[in-house]
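Have a look at these structures, which come just after this line.
Consider the two complexes below, in which chain A is the common component and chain B and chain C are the respective partners.
Up next is the complex of A and B:
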């Protein structure tokens, strides 16, 4: 029986971890991630979950423990936020290159300084290029669903890559929301037991991560590149199957909202999409031909999905809730990747950047309205008025 | 003509070698070579136990130790743990081989 529940995004992911019966989780407190470790500990104490919970001495230790557990054949998870994710930096490439499909929960958080625990996407976007599959959930339900889908995609024998289930700190991790916890039987049908290709086994010893000769490096990296590209097909397949089985139908890569007849669209990811949709409704009533695109994944980046729809629009306003200081275009990672994705597309729209929602701030309706007005100016001018706008700092309306 | 690369194992995972890996000889990093004086050595095998690279070879019948110089990196742990100071560290340039 599907259970209706009212709780937070972190509890929702804990529900997913309970359903998939994780074997090992490694913990170290940092807000907002901390709540999930408290939730797992509580469930172990209550006898609801049976898994080995290892308290690490820091995030580098957390990732190492999950890495080792995965090599031993366990379905392993961990999680963190903000500077915790960057403290674990060494481990991202070995885990992906070792093809260990661990799952990391990220309640994202602004990087220091200052000690700000509000949401910002910079923390795990900084770690984006190592071969991890990841994207942002917009609410608790999607966080739970993404966790289930990520296990299925990442543990697929054709993929075997680690995943990050990311969500906006506070907005998704800590705000109480309604969501459904799916039936155990359905989850068991959706996700088979984890079968590693190799595991640490004293009877059949193997070396994982041995010293190699230089000429073995390029083909191993080619493999990782190929499998990351292959993951796109797997995402489509698994998202469709998830919809059939659980009745929640997600766009595999890009959710479109009120794009019918839209000449300009916001493009963003994560929880701010909820406010954005509400703002788009008002803007439509006020006569702005605006819609919204929401990315479900940032790695692999959905360039084909964007190319397929880009020509429908005249202006795309990419909203980065994160920073990439000195990046081309003056915005963040999403602006760079969006421009790169459609750079060779015929009749491509004008792509302008907005940076907003930093430091855990809400992107308000008023700010969406102003961004829409700036996009309208671009539409009228038929060319970029300003490559990138930091909302409230260098607005041109 | 594109260069062709060797077939690589999944995630570089390989069976544990049961013999020496001739393709990855690492003893050439060594600058100081361990030399044991068997007159002083009591064959306690502390060095054999603690060598991090399994490069101390123990001949249990002859009760003698020696070093596998193909892999010994000259870290000197054997010399510092030897309770009777039977292992000296000699600069590689003092040897002809």
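Up next is the complex of A and C:
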């Protein structure tokens, strides 16, 4: 029986980890993701979960422990936030290149300085180019569901890549929400046991991660690249199957909200989409022809999905809740990737950037209204008025 | 605590089967390679090696010609202890849950001095603290050798490396004295470590038995193995074993075990030979002046006394 539950995004992911019977996890405290490990520890202590939780010596250790466990054939997870994710920077490529499908929960957080607990997407976006599958959940339900889908996609023998289940710190990690915990039977049908083709096994000895000569590296990198592209098809397939089995139907890549008749759209990811939808309703009543697009994945980046719908709109306002100092266009990663995705699309819309919600600040209705007004000015001008805008810093309305 | 293990009585009575095979690219006379062969032989078939980056990674694992007959995995130079921890808990869980039918394997980290006591010290300390059933072996060739011989914390005082070249302003080359890994890892600060030992490739039977003993102890064990390096120390490649023995005879290396914190000497030494006997013929020490040699001798004598070696010590000139 599906169980209705009221708790946080972190607890929801812990529910997913319990359902998939993880074997090993590695902990280290940093806000805001920490509570998931406290929850795992509690469930191990009371017998609900049967897994080993290793108290790592830091995030570098956490990733290394999960990597080792995965090479031995275990379903392994870990998690972190902010500078914890960058402290582990060395391990992203060895884990993905070693094709170890561990899962990392990210409750995102600003990078220092200043010491700020608030949500920002910069922490794991900084680590985006190593071959990890990841995207943001907008609420607790989606966090649980993404965790299940990520295991299925990442552990697929055709994929074998690590995944990040990202969520906005506080907004998703800590706000109490209603969600459903699926049946164990359904989860068992959805996700087969983890049985890697190669593991550390004295009866079938293998060498993992050997030194190679220069000409041997590029074929392996090509393979990682091909698999990352192949993951897109797997995401579509798994998202559809998930919908059939669990009754929750997600857009595989880009959720559209009130895009019918919309000439301009916000494009964003994560929890701020919840506020955005509410703002869009008000804006429509006020006569703004506006809708919303929400990305479910940043790696692989859904360029084909964006290309397929881009021409419906005249202006896309990309909201980055993170920084990429010195990036083309003066905004963040999503602005660069969105512009790159549709650069060759016929009748492509004008893409402008907004940087908002930094430091864990709420993006308020008022700020969405101002962004909509700036997009309206672009629409009227038929060209960019300003390439990108840090909301509240250099607004042009 | 006593443990049962199958003791190897002599080199001749050691098992014939090799698990570290010919075909790798280490230097002629490579001390660490000799060590690897002996360690793998002693550990046997049911063994998994974790090899953090170092010369035993770079020179051994050339794609498709790695010398191991048992599973081997690379770890970063930083994280041998952490990767081994993950492997250990994974085997314990998977066996406990019945997900695999394996017998719990010998899990051995083969880390260089940098990967153990310098950049790898955090992960190693955490492994020892948490008490994983892993044998952590530090093969010590007293430098970062695979990058072209740079100073490590284990380079002796006076050692000439590419980062510590002697010159008029710094006549002795390396000015610092080395760390003491036995004290750091097994000196009481990691209560889970019940067995630790120093060993040398110059004393192969002793080394192989310490490997077996370390594996027999439940929980983490630490071995610190002295492995002369012809390339890094600049000596003819046929002198590796000779130098390994000279190190022990001069007190530049002490052979002992720590079982539950109690020291047991592995060889009876009545009289230490002067350090000059060890330094002579090693290119890395040819620049040393008598005052520097005297400083090294004083250091050896002090260590012998601190460790409680009951032997006649050479005078310090």
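Throughout what follows, the second predicted complex is superposed on the first by the 397 of 397 C-alpha atoms of A that agree within 3 Å, B and C clash if a C-alpha of one lies under 4 Å from a C-alpha of the other, contacts with A are read in each partner's own complex, and residues count from 1 in each chain.
Throughout what follows, a residue touches a chain if its C-beta (ideal position, glycine included) is under 8 Å from a C-beta of that chain, and two chains touch if they have at least 3 such contacts.
A quick note: this is a predicted structure, and the numbers were derived from the prediction, not measured.
Asker: In the superposed model on chain A, is it clash or fit for chain B and chain C?
Answerer: Aligned through their shared chain, the two binders clash on chain A.
Asker: For A:212, using the defined touch cut-off, is the partner it touches chain B, chain C, both, or neither? Pick first, second, both or neither.
Answerer: A:212 sits against chain B and chain C alike.
Asker: Let me test your reading of the model: by the given contact rule, A:69 touches which partner, first (chain B), second (chain C), both or neither?
Answerer: Second partner only, chain C.
Asker: Is A:202 in contact with chain B, with chain C, with both, or with neither (first, second, both, neither)?
Answerer: A:202: touches chain C, not chain B.
Asker: With the two structures laid over each other on chain A, which partner does A:97 touch: chain B (first), chain C (second), both, or neither?
Answerer: Touch status of A:97: first partner only.
Asker: Between chain B (first) and chain C (second), which does A:178 come into contact with in this model arrangement: first, second, both, or neither?
Answerer: In the superposed model, A:178 contacts neither chain B nor chain C.
Asker: Could you tell me if A:223 is touching chain B, chain C, both of them or neither one (first, second, both, neither)?
Answerer: In the superposition, A:223 contacts chain B only.
Asker: Under the stated touch criterion, name the partner, chain B or chain C, that contacts more residues in chain A.
Answerer: Looking at chain A, the partner in contact with more of its residues is C.
Asker: Tell me the contact category for A:55 with respect to chain B and chain C: first, second, both or neither.
Answerer: Once the two structures are laid over each other on A, A:55 reaches chain C alone.
Asker: Give one of first, second, both or neither to describe whether A:366 is in contact with chain B, with chain C, with both, or with none.
Answerer: neither
Asker: Pick one for A:129: touches chain B only (first), chain C only (second), both, or neither.
Answerer: Neither chain B nor chain C is touched by A:129.
Asker: From the options 42-50, 150-158, 222-230 or 294-302, pick the one stretch of chain C whose C-alpha atoms clash with chain B.
Answerer: 222-230
Asker: Chain A residues touched by both chain B and chain C?
Answerer: 205-213, 216
Asker: Show which residues of chain C lie in contact with chain A when the two form their complex.
Answerer: 45-48, 50, 57-58, 60-64, 66, 68-76, 78-79, 82-94, 96-97, 99-100, 102, 105, 122-123, 125-126, 129-130
Asker: With touch defined as at the start, can you tell me which chain A residues reach chain B in the complex?
Answerer: 97-99, 160, 197-198, 204-213, 215-216, 218-220, 222-223
Asker: In the complex, go through chain B and note every residue touching chain A.
Answerer: 5-8, 10-17, 23-24, 26
Asker: Show me the residue ranges of chain A that touch chain C in the complex, using the header's touch definition.
Answerer: Touch residues, chain A against chain C: 21, 23-24, 26, 50-52, 54-58, 60-61, 64-74, 76, 90-91, 94, 193, 200-203, 205-213, 216.
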